[in-house]
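In what comes next, chain A is part of two complexes: it sits with chain B in the first one and with chain C in the second one.
And then the complex of A and B:
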């Protein structure tokens, strides 16, 4: 099993999650779309696309949740014919992280949700101190950070 | 709100030693309906029990034994009894005082009432 991370503190929680939940793909990212860790992807461009889409889906569904229930939805599950996705936020001292995961018939949404709760607990417990949040919507160094993270993940 | 499973689950949980009854989706591992005592974590039991049942079913099929009729997990302080039809699995959480034979019969009979 290959887990690649940008920040070491996310490695153990992500590894436990992937092993226990038996998911085929997993991504940990910030709500702005910066990747922190991944399992199952082989190309940087796929990670970049998945992160951008996950961040956009999360932003949209959070706003929908606020309109409907006054708070963001806790998670999003989409079941396809053979593969399913689950996208949910985890609060840590480093701010909100998103977990996007893809799984097939080897596991189930119940199992994924169960171990996602554990992942959330581990990330909460293991997160180092807070970083200064960017003043704008995106940090000035967003693109530079994005490229650095992808390079770190795929070592190219 | 009542569900079509309420009467069945009520009947199970009135039996001695039964701490909870759940109707679970085997594919999704989520609770369809449940009647459990305080302290039984229905969503966790549902996810794990559905996974065990599914693997037991696949094992039986792979071994050429046909479908699974009944699955029982004996633990130190009780049992998980499971039987299913289609995508639905009925799961009973019992302590050490339960009468397993009676529960098994009732569980298999209850399958006829599953949609």
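And then the complex of A and C:
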């Protein structure tokens, strides 16, 4: 099983979830659409698009929930002909994270929800404190690389 | 906040194109999408109405290549410009590492530009972000239109650029200024990740980059 993560602390909880719930795709992301971990995607750019759309679904359904019930919906489930998606938030010390998962008839929404609750608990227990803005990551001379890459990108 | 993956040496940043309706935000992304080789971009996602007005956002993931040893990815978003999509704009703005404000240079659109800039500041404040600190560049789009219809660069600067941020003239439909704007905001966003936190951006405020090339 291939799990790719941006922050190491999400790897074990995500691995447990994928194994236990038998889902085919899983994404952990921030509400602004940044990926923290994924299983099942083969292209990084597909992951980014899926994250953008998942964040949008969550944002709009949360607002709809607030309008209708005075609070965001706890989760969202779409059932297609062969595949289903489940999207729900998990509160951690790192702030709210979203989990988007895709599954087929190898499992069920009940099983997925059951193990999602476990995932939520593991994320809550394992989350480090709030993230501080990264700095000093790039060399002072980064503009040279940036200009060269953008020039190549736009074939100028 | 930019995501940095030290294990795989990857950086991911979110850039939001903001501005009034029909100012050319989606056109910027379409031009970029058309210019960039397919192995350096993802699918452009557009959540639009049947008349191709942006309903939720446009999204374009871009691979900028290796910068200081880090694979650098930019996620470009647009917001819907129409006044009544206020909530949606706020949602898309969440977590932005940098903002491109696309202004419409037509003289009759000045009021809309100012309102949209105020709306941007209000939405940033609602996210707890100090508008004076977020990386921001201005793009004065449609500078290729006949001079009697538009405000020139100094007039646009006078009306909108009170923070004296980098500003670029553009004709997003045909390309001039699009590349320079992307370079300008990328530089500001990445500067935050570099050791050079205090140096001045090299993008030139008030530059009329390549506008004549797009004049019809």
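Everything below uses one rule, namely that the second predicted complex is superposed on the first by the 131 of 156 C-alpha atoms of A that agree within 3 Å, B and C clash if a C-alpha of one lies under 4 Å from a C-alpha of the other, contacts with A are read in each partner's own complex, and residues count from 1 in each chain.
As a convention for this text, contacts are C-beta pairs under 8 Å (C-beta built on N, C-alpha and C of every residue); 3 or more make two chains touch, one makes a residue touch a chain.
These numbers come from a predicted model, not from an experiment.
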| item | value |
| --- | --- |
| Partner chain in contact with A:149 - chain B first, chain C second, else both or neither | second |
| Partner chain(s) touched by A:44 [first = chain B, second = chain C, both, neither] | second |
| Contacts of A:74 with chain B and chain C, given as first, second, both or neither | neither |
| Which superposed partner A:110 touches (first chain B, second chain C, both, neither) | first |
| Residue contacts on chain A - larger count, chain B or chain C | C |
| Partner chain(s) touched by A:64 [first = chain B, second = chain C, both, neither] | neither |
| Contacts of A:125 with chain B and chain C, given as first, second, both or neither | neither |
| Sites on chain C touched by chain A in the complex | 1-5, 7-8, 10-12, 14, 35-37, 40-43, 45, 47, 56-57, 59, 61-70, 72-73, 75, 77, 87-88, 91-92, 94-96, 179, 182-183, 186-187, 190-197, 202 |
| Residue ranges of chain A touching chain C (in the complex, touch as defined) | 4-8, 30-36, 43-46, 48-49, 52-53, 56, 59-60, 63, 131, 133-143, 145-147, 149-150, 152-156 |
| Touching residues on chain A, where the partner in the complex is chain B | 79, 105, 107-111, 113-114 |
| Contacting residues of chain B [partner chain A, same complex] | 24-25, 27-30, 43-44, 46-48, 50-51, 54 |
